[in-house]
Amino acid sequence: MTESLHLNVDRRGELVVLYTEGYINNQGGEKIARQAYELIDQGHKTILLNLAGTKIVNSIGISILIEIIEKMIEIEGKLAFCSLTPTIEKTFHIMGLTQYAGIYPDEPTAVQALGT
Amino acid sequence: MTESLHLNVDRRGELVVLYTEGYINNQGGEKIARQAYELIDQGHKTILLNLAGTKIVNSIGISILIEIIEKMIEIEGKLAFCSLTPTIEKTFHIMGLTQYAGIYPDEPTAVQALGT
Amino acid sequence: MAGTAILREVSLILPIAADMEITATRAATSVAESMSMSPDKIDEVRMAVVEACINAFEHSKAADGKVHLTFAVLGDEEPRTLQITVRDSGLGFDPTKVETPTLERKLHDRRKRGWGLKIIEGLMDEVTIRSGGDGTTVVMSKAI
Amino acid sequence: MAGTAILREVSLILPIAADMEITATRAATSVAESMSMSPDKIDEVRMAVVEACINAFEHSKAADGKVHLTFAVLGDEEPRTLQITVRDSGLGFDPTKVETPTLERKLHDRRKRGWGLKIIEGLMDEVTIRSGGDGTTVVMSKAI
(Lines give C-alpha, C1' and ligand atoms only; values in the text may rest on other atoms or scores of the structure.)
Protein backbone atom coordinates (compact mmCIF):
# COMPACT_ATOMS: atom_id res chain seq x y z
CA MET A 1 0.00 0.00 0.00
CA THR A 2 0.96 3.58 -0.45
CA GLU A 3 2.27 4.51 2.95
CA SER A 4 1.24 3.00 6.22
CA LEU A 5 2.49 4.98 9.18
CA HIS A 6 5.54 3.84 11.11
CA LEU A 7 6.07 5.04 14.63
CA ASN A 8 9.23 5.11 16.69
CA VAL A 9 9.12 5.81 20.39
CA ASP A 10 11.96 7.39 22.33
CA ARG A 11 11.26 7.52 26.08
CA ARG A 12 13.38 10.14 27.84
CA GLY A 13 12.06 10.19 31.36
CA GLU A 14 8.98 12.32 31.51
CA LEU A 15 9.33 13.41 27.88
CA VAL A 16 8.59 10.97 25.09
CA VAL A 17 9.44 11.73 21.49
CA LEU A 18 7.35 9.97 18.86
CA TYR A 19 8.82 9.86 15.38
CA THR A 20 6.31 9.37 12.62
CA GLU A 21 7.07 8.08 9.19
CA GLY A 22 4.41 8.19 6.50
CA TYR A 23 0.86 9.33 5.95
CA ILE A 24 -1.15 10.51 8.96
CA ASN A 25 -4.60 9.51 7.78
CA ASN A 26 -7.31 7.71 9.74
CA GLN A 27 -5.17 4.65 10.46
CA GLY A 28 -2.03 6.72 10.99
CA GLY A 29 -3.80 8.97 13.48
CA GLU A 30 -5.23 5.95 15.31
CA LYS A 31 -1.79 4.42 15.60
CA ILE A 32 -0.40 7.61 17.13
CA ALA A 33 -3.38 7.86 19.51
CA ARG A 34 -3.04 4.27 20.71
CA GLN A 35 0.63 4.85 21.41
CA ALA A 36 -0.04 8.18 23.13
CA TYR A 37 -2.74 6.75 25.43
CA GLU A 38 -0.43 3.89 26.38
CA LEU A 39 2.27 6.40 27.28
CA ILE A 40 -0.18 8.53 29.24
CA ASP A 41 -1.29 5.42 31.13
CA GLN A 42 2.35 4.79 31.95
CA GLY A 43 2.55 8.26 33.49
CA HIS A 44 4.18 10.23 30.69
CA LYS A 45 2.76 13.73 30.49
CA THR A 46 4.83 15.37 27.78
CA ILE A 47 4.77 13.98 24.27
CA LEU A 48 6.64 15.51 21.36
CA LEU A 49 5.56 14.39 17.90
CA ASN A 50 8.50 14.75 15.52
CA LEU A 51 6.85 14.82 12.08
CA ALA A 52 10.08 15.01 10.03
CA GLY A 53 9.15 11.73 8.36
CA THR A 54 5.62 12.78 7.50
CA LYS A 55 5.09 14.65 4.28
CA ILE A 56 1.34 14.19 4.10
CA VAL A 57 -1.55 14.27 6.55
CA ASN A 58 -5.29 14.55 6.20
CA SER A 59 -7.93 16.17 8.36
CA ILE A 60 -9.21 12.84 9.64
CA GLY A 61 -5.74 12.07 10.97
CA ILE A 62 -5.40 15.52 12.53
CA SER A 63 -8.82 15.19 14.19
CA ILE A 64 -7.51 12.17 16.04
CA LEU A 65 -4.54 14.23 17.21
CA ILE A 66 -7.03 16.76 18.60
CA GLU A 67 -8.37 13.99 20.82
CA ILE A 68 -4.89 13.57 22.25
CA ILE A 69 -4.68 17.31 22.88
CA GLU A 70 -8.01 17.17 24.71
CA LYS A 71 -6.73 14.32 26.87
CA MET A 72 -3.54 16.26 27.59
CA ILE A 73 -5.49 19.30 28.74
CA GLU A 74 -7.46 17.01 31.05
CA ILE A 75 -4.37 15.54 32.69
CA GLU A 76 -2.42 18.82 32.52
CA GLY A 77 0.12 17.34 30.17
CA LYS A 78 1.52 18.64 26.91
CA LEU A 79 1.45 17.57 23.29
CA ALA A 80 3.94 19.37 21.08
CA PHE A 81 5.01 19.07 17.46
CA CYS A 82 8.27 19.66 15.65
CA SER A 83 9.77 19.44 12.16
CA LEU A 84 6.54 20.01 10.24
CA THR A 85 6.46 20.66 6.51
CA PRO A 86 5.37 24.25 5.76
CA THR A 87 2.01 22.97 4.55
CA ILE A 88 1.32 20.94 7.66
CA GLU A 89 2.32 23.91 9.80
CA LYS A 90 0.03 26.18 7.79
CA THR A 91 -2.77 23.67 8.20
CA PHE A 92 -2.28 23.60 11.96
CA HIS A 93 -2.50 27.40 11.94
CA ILE A 94 -5.68 27.32 9.86
CA MET A 95 -7.19 24.99 12.45
CA GLY A 96 -6.03 27.05 15.41
CA LEU A 97 -4.11 24.07 16.74
CA THR A 98 -1.13 26.28 17.54
CA GLN A 99 -3.05 27.74 20.49
CA TYR A 100 -3.25 24.38 22.22
CA ALA A 101 -0.05 22.64 21.18
CA GLY A 102 3.51 23.91 20.86
CA ILE A 103 4.85 23.89 17.32
CA TYR A 104 8.65 23.98 17.03
CA PRO A 105 10.91 24.12 13.99
CA ASP A 106 13.15 21.28 15.14
CA GLU A 107 13.65 18.80 17.94
CA PRO A 108 16.38 20.59 19.96
CA THR A 109 14.28 23.76 20.06
CA ALA A 110 11.24 21.75 21.12
CA VAL A 111 13.07 19.81 23.82
CA GLN A 112 14.50 23.01 25.26
CA ALA A 113 11.14 24.78 25.21
CA LEU A 114 9.41 21.83 26.85
CA GLY A 115 12.05 22.06 29.57
CA THR A 116 11.93 18.46 30.68
CA MET B 1 9.22 21.72 -16.17
CA THR B 2 9.33 18.14 -15.09
CA GLU B 3 12.97 17.27 -15.56
CA SER B 4 15.30 18.85 -18.05
CA LEU B 5 18.57 16.98 -18.36
CA HIS B 6 21.69 18.27 -16.65
CA LEU B 7 25.06 17.15 -17.86
CA ASN B 8 28.39 17.23 -16.08
CA VAL B 9 31.61 16.60 -17.95
CA ASP B 10 34.72 15.14 -16.37
CA ARG B 11 37.69 15.09 -18.78
CA ARG B 12 40.32 12.56 -17.74
CA GLY B 13 42.80 12.56 -20.61
CA GLU B 14 41.50 10.34 -23.35
CA LEU B 15 38.52 9.19 -21.29
CA VAL B 16 35.64 11.53 -20.62
CA VAL B 17 32.92 10.71 -18.12
CA LEU B 18 29.55 12.35 -18.71
CA TYR B 19 27.20 12.43 -15.74
CA THR B 20 23.57 12.79 -16.63
CA GLU B 21 20.88 14.02 -14.31
CA GLY B 22 17.25 13.79 -15.37
CA TYR B 23 15.10 12.52 -18.18
CA ILE B 24 16.82 11.36 -21.38
CA ASN B 25 14.08 12.24 -23.85
CA ASN B 26 14.43 14.00 -27.19
CA GLN B 27 15.99 17.14 -25.73
CA GLY B 28 18.04 15.18 -23.17
CA GLY B 29 19.44 12.93 -25.91
CA GLU B 30 20.27 15.95 -28.08
CA LYS B 31 22.10 17.58 -25.22
CA ILE B 32 24.22 14.48 -24.69
CA ALA B 33 24.88 14.19 -28.44
CA ARG B 34 25.99 17.82 -28.78
CA GLN B 35 28.40 17.35 -25.89
CA ALA B 36 29.67 14.04 -27.26
CA TYR B 37 30.34 15.45 -30.74
CA GLU B 38 32.18 18.38 -29.22
CA LEU B 39 34.37 15.98 -27.26
CA ILE B 40 34.98 13.83 -30.32
CA ASP B 41 36.00 16.94 -32.25
CA GLN B 42 38.46 17.70 -29.48
CA GLY B 43 40.00 14.26 -30.00
CA HIS B 44 38.40 12.27 -27.18
CA LYS B 45 37.66 8.74 -28.29
CA THR B 46 36.32 7.10 -25.16
CA ILE B 47 33.18 8.39 -23.53
CA LEU B 48 31.58 6.86 -20.47
CA LEU B 49 28.00 7.87 -19.76
CA ASN B 50 27.32 7.54 -16.05
CA LEU B 51 23.52 7.35 -15.82
CA ALA B 52 23.30 7.19 -12.01
CA GLY B 53 21.27 10.40 -12.05
CA THR B 54 18.85 9.25 -14.72
CA LYS B 55 15.82 7.29 -13.62
CA ILE B 56 13.87 7.65 -16.82
CA VAL B 57 14.61 7.54 -20.53
CA ASN B 58 12.54 7.16 -23.64
CA SER B 59 13.20 5.51 -26.96
CA ILE B 60 13.60 8.83 -28.75
CA GLY B 61 16.41 9.73 -26.37
CA ILE B 62 18.05 6.33 -26.77
CA SER B 63 17.84 6.60 -30.56
CA ILE B 64 20.00 9.68 -30.35
CA LEU B 65 22.51 7.75 -28.27
CA ILE B 66 22.62 5.19 -31.09
CA GLU B 67 23.84 7.96 -33.38
CA ILE B 68 26.74 8.52 -31.03
CA ILE B 69 27.53 4.79 -31.09
CA GLU B 70 27.52 4.89 -34.89
CA LYS B 71 29.92 7.81 -34.85
CA MET B 72 32.17 5.99 -32.39
CA ILE B 73 32.32 2.92 -34.60
CA GLU B 74 33.32 5.21 -37.47
CA ILE B 75 36.22 6.79 -35.58
CA GLU B 76 37.13 3.56 -33.76
CA GLY B 77 36.22 5.06 -30.42
CA LYS B 78 34.08 3.70 -27.60
CA LEU B 79 30.84 4.71 -25.93
CA ALA B 80 30.16 2.93 -22.65
CA PHE B 81 27.48 3.17 -19.96
CA CYS B 82 27.49 2.62 -16.23
CA SER B 83 25.15 2.81 -13.24
CA LEU B 84 21.92 2.09 -15.15
CA THR B 85 18.64 1.37 -13.41
CA PRO B 86 17.58 -2.26 -13.94
CA THR B 87 14.84 -1.09 -16.34
CA ILE B 88 17.19 0.99 -18.47
CA GLU B 89 19.64 -1.91 -18.58
CA LYS B 90 16.85 -4.28 -19.58
CA THR B 91 15.77 -1.85 -22.28
CA PHE B 92 19.33 -1.68 -23.65
CA HIS B 93 19.31 -5.48 -23.77
CA ILE B 94 15.96 -5.53 -25.56
CA MET B 95 17.42 -3.19 -28.16
CA GLY B 96 20.65 -5.14 -28.55
CA LEU B 97 22.63 -2.09 -27.55
CA THR B 98 24.83 -4.20 -25.29
CA GLN B 99 26.55 -5.64 -28.36
CA TYR B 100 27.86 -2.26 -29.42
CA ALA B 101 28.42 -0.46 -26.15
CA GLY B 102 29.91 -1.62 -22.86
CA ILE B 103 27.45 -1.66 -19.98
CA TYR B 104 29.03 -1.65 -16.51
CA PRO B 105 27.46 -1.80 -13.05
CA ASP B 106 29.47 1.14 -11.68
CA GLU B 107 32.06 3.69 -12.64
CA PRO B 108 35.22 2.02 -11.20
CA THR B 109 34.39 -1.20 -13.04
CA ALA B 110 33.78 0.74 -16.24
CA VAL B 111 36.97 2.79 -15.97
CA GLN B 112 39.02 -0.33 -15.38
CA ALA B 113 37.41 -2.20 -18.27
CA LEU B 114 37.92 0.73 -20.62
CA GLY B 115 41.59 0.63 -19.62
CA THR B 116 42.39 4.26 -20.27
CA MET C 1 -8.93 38.96 -19.88
CA ALA C 2 -5.84 37.48 -18.28
CA GLY C 3 -5.85 34.03 -16.79
CA THR C 4 -9.02 32.70 -18.26
CA ALA C 5 -8.09 30.46 -21.19
CA ILE C 6 -7.53 26.77 -20.53
CA LEU C 7 -4.04 26.06 -21.79
CA ARG C 8 -4.02 22.41 -20.84
CA GLU C 9 -6.25 20.00 -18.99
CA VAL C 10 -5.73 16.59 -17.41
CA SER C 11 -8.70 14.48 -16.30
CA LEU C 12 -8.62 11.70 -13.79
CA ILE C 13 -11.32 9.32 -12.66
CA LEU C 14 -10.66 7.53 -9.40
CA PRO C 15 -12.54 4.68 -7.79
CA ILE C 16 -13.67 5.30 -4.23
CA ALA C 17 -11.04 3.17 -2.52
CA ALA C 18 -8.46 3.48 0.22
CA ASP C 19 -5.49 5.72 -0.52
CA MET C 20 -6.73 6.67 -3.99
CA GLU C 21 -6.36 10.31 -2.97
CA ILE C 22 -2.61 9.73 -3.29
CA THR C 23 -3.05 9.07 -6.99
CA ALA C 24 -4.89 12.38 -7.23
CA THR C 25 -2.06 14.22 -5.47
CA ARG C 26 0.44 12.77 -7.91
CA ALA C 27 -1.51 13.92 -10.92
CA ALA C 28 -1.84 17.35 -9.30
CA THR C 29 1.90 17.43 -8.69
CA SER C 30 2.70 16.60 -12.31
CA VAL C 31 0.45 19.27 -13.70
CA ALA C 32 1.62 21.85 -11.16
CA GLU C 33 5.26 21.06 -11.93
CA SER C 34 4.59 21.40 -15.63
CA MET C 35 3.56 25.01 -14.96
CA SER C 36 6.55 25.60 -12.65
CA MET C 37 4.57 26.14 -9.48
CA SER C 38 6.83 26.35 -6.42
CA PRO C 39 7.25 23.17 -4.35
CA ASP C 40 5.63 24.77 -1.30
CA LYS C 41 2.55 25.79 -3.25
CA ILE C 42 2.40 22.37 -4.88
CA ASP C 43 2.40 20.86 -1.43
CA GLU C 44 -0.54 23.03 -0.40
CA VAL C 45 -2.40 22.00 -3.54
CA ARG C 46 -1.75 18.37 -2.67
CA MET C 47 -3.26 18.77 0.78
CA ALA C 48 -6.35 20.49 -0.63
CA VAL C 49 -6.72 17.69 -3.20
CA VAL C 50 -6.52 15.08 -0.45
CA GLU C 51 -9.28 16.81 1.50
CA ALA C 52 -11.59 17.22 -1.49
CA CYS C 53 -11.07 13.58 -2.47
CA ILE C 54 -11.66 12.10 0.96
CA ASN C 55 -14.82 14.17 1.27
CA ALA C 56 -16.11 12.66 -1.95
CA PHE C 57 -14.95 9.20 -0.89
CA GLU C 58 -16.52 9.43 2.53
CA HIS C 59 -19.64 11.51 2.17
CA SER C 60 -20.86 11.37 -1.41
CA LYS C 61 -22.25 7.80 -1.49
CA ALA C 62 -21.93 8.14 -5.25
CA ALA C 63 -23.65 5.23 -6.93
CA ASP C 64 -20.98 4.96 -9.64
CA GLY C 65 -18.30 4.67 -6.96
CA LYS C 66 -16.17 7.23 -8.77
CA VAL C 67 -14.65 10.63 -8.21
CA HIS C 68 -13.92 12.79 -11.25
CA LEU C 69 -11.06 15.25 -11.21
CA THR C 70 -9.75 17.74 -13.70
CA PHE C 71 -6.54 19.70 -13.47
CA ALA C 72 -6.67 22.73 -15.73
CA VAL C 73 -3.80 25.07 -16.43
CA LEU C 74 -5.30 28.53 -16.91
CA GLY C 75 -3.44 31.48 -18.32
CA ASP C 76 -3.05 33.89 -21.16
CA GLU C 77 0.15 33.05 -22.97
CA GLU C 78 1.90 31.87 -19.85
CA PRO C 79 0.38 29.48 -17.29
CA ARG C 80 -1.02 31.49 -14.39
CA THR C 81 -3.41 29.42 -12.35
CA LEU C 82 -3.99 25.77 -11.58
CA GLN C 83 -7.70 25.07 -11.36
CA ILE C 84 -8.75 21.74 -9.90
CA THR C 85 -12.25 20.34 -10.04
CA VAL C 86 -13.31 17.45 -7.84
CA ARG C 87 -16.73 16.10 -8.73
CA ASP C 88 -18.89 13.27 -7.48
CA SER C 89 -22.38 12.19 -8.50
CA GLY C 90 -23.45 11.54 -4.96
CA LEU C 91 -26.09 12.79 -2.55
CA GLY C 92 -24.80 16.32 -2.26
CA PHE C 93 -25.07 18.60 0.75
CA ASP C 94 -25.84 22.19 1.61
CA PRO C 95 -22.52 24.01 2.06
CA THR C 96 -24.28 26.95 3.74
CA LYS C 97 -25.37 24.60 6.54
CA VAL C 98 -21.84 23.42 7.31
CA GLU C 99 -20.70 24.98 10.56
CA THR C 100 -17.28 26.63 10.51
CA PRO C 101 -15.23 24.64 13.01
CA THR C 102 -13.16 26.19 15.77
CA LEU C 103 -10.70 24.26 17.85
CA GLU C 104 -12.09 25.72 21.04
CA ARG C 105 -15.46 24.15 20.37
CA LYS C 106 -14.05 20.93 18.90
CA LEU C 107 -12.03 20.28 22.05
CA HIS C 108 -15.25 19.79 23.97
CA ASP C 109 -17.20 18.21 21.18
CA ARG C 110 -17.48 14.46 20.75
CA ARG C 111 -17.06 14.98 17.03
CA LYS C 112 -13.57 16.33 16.32
CA ARG C 113 -14.01 16.10 12.57
CA GLY C 114 -15.26 18.75 10.17
CA TRP C 115 -12.06 20.50 9.07
CA GLY C 116 -11.77 19.53 5.42
CA LEU C 117 -13.55 22.48 3.81
CA LYS C 118 -11.87 24.99 6.12
CA ILE C 119 -8.45 23.58 5.24
CA ILE C 120 -9.22 23.65 1.52
CA GLU C 121 -10.30 27.27 1.79
CA GLY C 122 -7.23 28.16 3.81
CA LEU C 123 -4.79 26.57 1.38
CA MET C 124 -6.26 27.53 -1.99
CA ASP C 125 -6.75 31.00 -3.45
CA GLU C 126 -10.34 30.47 -4.55
CA VAL C 127 -12.85 27.76 -3.77
CA THR C 128 -16.40 27.35 -4.97
CA ILE C 129 -18.70 24.48 -4.13
CA ARG C 130 -21.77 23.50 -6.09
CA SER C 131 -23.81 20.74 -4.54
CA GLY C 132 -27.25 19.33 -5.03
CA GLY C 133 -29.19 16.17 -5.74
CA ASP C 134 -26.91 15.21 -8.59
CA GLY C 135 -23.74 15.47 -6.57
CA THR C 136 -21.01 17.83 -5.51
CA THR C 137 -18.45 19.80 -7.48
CA VAL C 138 -15.59 21.57 -5.72
CA VAL C 139 -13.66 23.99 -7.92
CA MET C 140 -10.48 25.29 -6.35
CA SER C 141 -7.66 27.28 -7.80
CA LYS C 142 -4.25 28.59 -6.96
CA ALA C 143 -2.08 31.03 -8.86
CA ILE C 144 1.53 30.06 -9.43
CA MET D 1 -11.44 -17.83 -13.78
CA ALA D 2 -8.51 -16.26 -11.97
CA GLY D 3 -7.29 -12.80 -12.78
CA THR D 4 -10.18 -11.58 -14.87
CA ALA D 5 -12.33 -9.37 -12.67
CA ILE D 6 -11.60 -5.65 -12.56
CA LEU D 7 -11.04 -4.88 -8.89
CA ARG D 8 -10.31 -1.20 -9.38
CA GLU D 9 -9.84 1.17 -12.27
CA VAL D 10 -8.32 4.63 -12.62
CA SER D 11 -8.84 6.67 -15.79
CA LEU D 12 -6.67 9.50 -16.97
CA ILE D 13 -7.06 11.81 -19.94
CA LEU D 14 -3.94 13.68 -20.95
CA PRO D 15 -3.51 16.52 -23.41
CA ILE D 16 -0.93 15.94 -26.12
CA ALA D 17 1.78 18.17 -24.66
CA ALA D 18 5.43 17.98 -23.71
CA ASP D 19 6.26 15.82 -20.70
CA MET D 20 2.66 14.78 -20.11
CA GLU D 21 3.84 11.16 -20.23
CA ILE D 22 5.35 11.84 -16.79
CA THR D 23 1.87 12.41 -15.42
CA ALA D 24 0.89 9.04 -16.86
CA THR D 25 3.84 7.32 -15.19
CA ARG D 26 2.86 8.80 -11.85
CA ALA D 27 -0.67 7.53 -12.10
CA ALA D 28 0.69 4.13 -13.11
CA THR D 29 3.03 4.18 -10.12
CA SER D 30 0.21 4.95 -7.69
CA VAL D 31 -2.01 2.19 -8.96
CA ALA D 32 0.87 -0.30 -9.13
CA GLU D 33 1.92 0.57 -5.58
CA SER D 34 -1.64 0.15 -4.37
CA MET D 35 -1.43 -3.48 -5.55
CA SER D 36 2.05 -3.95 -4.02
CA MET D 37 3.89 -4.46 -7.28
CA SER D 38 7.67 -4.57 -6.77
CA PRO D 39 9.60 -1.34 -7.45
CA ASP D 40 11.54 -2.91 -10.33
CA LYS D 41 8.37 -4.05 -12.06
CA ILE D 42 6.76 -0.68 -11.47
CA ASP D 43 9.74 0.91 -13.14
CA GLU D 44 9.29 -1.33 -16.18
CA VAL D 45 5.62 -0.41 -16.31
CA ARG D 46 6.58 3.26 -16.21
CA MET D 47 8.89 2.89 -19.19
CA ALA D 48 6.22 1.05 -21.19
CA VAL D 49 3.71 3.77 -20.33
CA VAL D 50 6.13 6.45 -21.51
CA GLU D 51 6.56 4.68 -24.85
CA ALA D 52 2.86 4.15 -25.42
CA CYS D 53 2.14 7.78 -24.55
CA ILE D 54 4.81 9.31 -26.74
CA ASN D 55 3.62 7.15 -29.63
CA ALA D 56 0.14 8.55 -29.24
CA PHE D 57 1.52 12.07 -28.77
CA GLU D 58 3.76 11.88 -31.79
CA HIS D 59 2.01 9.71 -34.32
CA SER D 60 -1.72 9.74 -33.66
CA LYS D 61 -2.56 13.25 -34.91
CA ALA D 62 -5.70 12.84 -32.80
CA ALA D 63 -8.09 15.69 -33.55
CA ASP D 64 -9.18 15.97 -29.91
CA GLY D 65 -5.55 16.39 -28.86
CA LYS D 66 -6.04 13.84 -26.09
CA VAL D 67 -4.72 10.50 -24.97
CA HIS D 68 -6.96 8.31 -22.84
CA LEU D 69 -5.49 5.93 -20.31
CA THR D 70 -6.96 3.42 -17.93
CA PHE D 71 -5.15 1.57 -15.19
CA ALA D 72 -7.11 -1.51 -14.18
CA VAL D 73 -6.26 -3.78 -11.29
CA LEU D 74 -7.29 -7.28 -12.31
CA GLY D 75 -7.55 -10.22 -9.96
CA ASP D 76 -9.78 -12.68 -8.24
CA GLU D 77 -9.85 -11.78 -4.56
CA GLU D 78 -6.31 -10.49 -4.55
CA PRO D 79 -4.87 -8.10 -7.14
CA ARG D 80 -2.94 -10.07 -9.73
CA THR D 81 -2.36 -8.03 -12.85
CA LEU D 82 -2.08 -4.40 -13.78
CA GLN D 83 -3.69 -3.78 -17.15
CA ILE D 84 -3.02 -0.47 -18.82
CA THR D 85 -4.86 0.83 -21.84
CA VAL D 86 -3.53 3.74 -23.88
CA ARG D 87 -5.99 4.97 -26.46
CA ASP D 88 -6.04 7.78 -28.99
CA SER D 89 -8.65 8.73 -31.57
CA GLY D 90 -6.07 9.41 -34.24
CA LEU D 91 -5.18 8.16 -37.69
CA GLY D 92 -4.22 4.66 -36.65
CA PHE D 93 -1.62 2.44 -38.30
CA ASP D 94 -1.13 -1.15 -39.33
CA PRO D 95 0.92 -2.85 -36.60
CA THR D 96 1.67 -5.79 -38.91
CA LYS D 97 3.49 -3.43 -41.25
CA VAL D 98 5.83 -2.13 -38.56
CA GLU D 99 9.28 -3.59 -39.09
CA THR D 100 10.93 -5.14 -36.06
CA PRO D 101 14.02 -3.04 -35.48
CA THR D 102 17.50 -4.48 -34.98
CA LEU D 103 20.45 -2.43 -33.86
CA GLU D 104 22.63 -3.85 -36.59
CA ARG D 105 20.38 -2.39 -39.23
CA LYS D 106 19.64 0.84 -37.34
CA LEU D 107 23.36 1.60 -37.08
CA HIS D 108 23.48 2.04 -40.85
CA ASP D 109 20.04 3.51 -41.24
CA ARG D 110 19.41 7.24 -41.34
CA ARG D 111 16.36 6.65 -39.13
CA LYS D 112 17.47 5.37 -35.75
CA ARG D 113 13.95 5.50 -34.32
CA GLY D 114 11.34 2.76 -34.24
CA TRP D 115 11.98 1.08 -30.87
CA GLY D 116 8.88 1.97 -28.87
CA LEU D 117 6.71 -1.04 -29.61
CA LYS D 118 9.62 -3.46 -29.23
CA ILE D 119 10.45 -1.97 -25.83
CA ILE D 120 6.82 -2.15 -24.70
CA GLU D 121 6.66 -5.79 -25.73
CA GLY D 122 9.93 -6.55 -24.00
CA LEU D 123 8.92 -4.94 -20.71
CA MET D 124 5.29 -6.01 -20.37
CA ASP D 125 3.89 -9.53 -20.05
CA GLU D 126 1.19 -9.12 -22.66
CA VAL D 127 0.58 -6.47 -25.27
CA THR D 128 -2.20 -6.19 -27.82
CA ILE D 129 -2.66 -3.36 -30.28
CA ARG D 130 -5.87 -2.50 -32.03
CA SER D 131 -5.60 0.23 -34.59
CA GLY D 132 -7.71 1.55 -37.43
CA GLY D 133 -9.36 4.63 -38.83
CA ASP D 134 -10.79 5.58 -35.45
CA GLY D 135 -7.50 5.44 -33.64
CA THR D 136 -5.19 3.20 -31.73
CA THR D 137 -5.61 1.25 -28.52
CA VAL D 138 -2.65 -0.39 -26.83
CA VAL D 139 -3.56 -2.80 -24.04
CA MET D 140 -0.63 -3.97 -22.00
CA SER D 141 -0.48 -5.92 -18.80
CA LYS D 142 1.93 -7.12 -16.20
CA ALA D 143 1.39 -9.54 -13.34
CA ILE D 144 2.60 -8.46 -9.92
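Per-chain numbering from 1; labels A, B, C and D assigned in written order.
Quick note on the criterion: a contact is a pair of C-beta atoms (placed from the backbone, for glycine too) under 8 Å apart; a residue touches a chain by one contact, two chains touch by 3 or more.
A quick note: this is a predicted structure, and the numbers were derived from the prediction, not measured.
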* **Where chain A and chain D overlap in contact partners, by chain label** => C
* Which chain's C-alpha centroid is most distant from that of chain D? -> A
* From the C-alpha centre of chain B to that of chain D, how far is it in Å? -> 26
* chain B to chain C: how many Å between their CA centres? -> 43
* Inter-centroid spacing, chain B versus chain A (mean Cα positions, whole Å) -> 47
* To do: Give the residues of chain B that touch two or more other chains, as numbers and ranges in rising order.
  => 1-2
* Per-residue overlap in chain D, given as positions that touch at least 2 other chains -> 19, 22, 30, 34
* Contact set on chain B toward chain D in their complex -> 1-3, 23, 25, 55-60, 62-64, 66-67, 69-70, 73, 85-88, 90-91, 94-97, 99-100
* To do: Note which residues of chain C are touching chain A in the complex, please.
  => 18-19, 21-22, 25, 40, 43-44, 46-47, 50-51, 54, 101-104, 106-108, 112-116, 118-119, 122-123
* Sort out for me which residues of chain C touch chain D in the complex. => 8-15, 17, 19-20, 22-23, 26-27, 29-31, 34
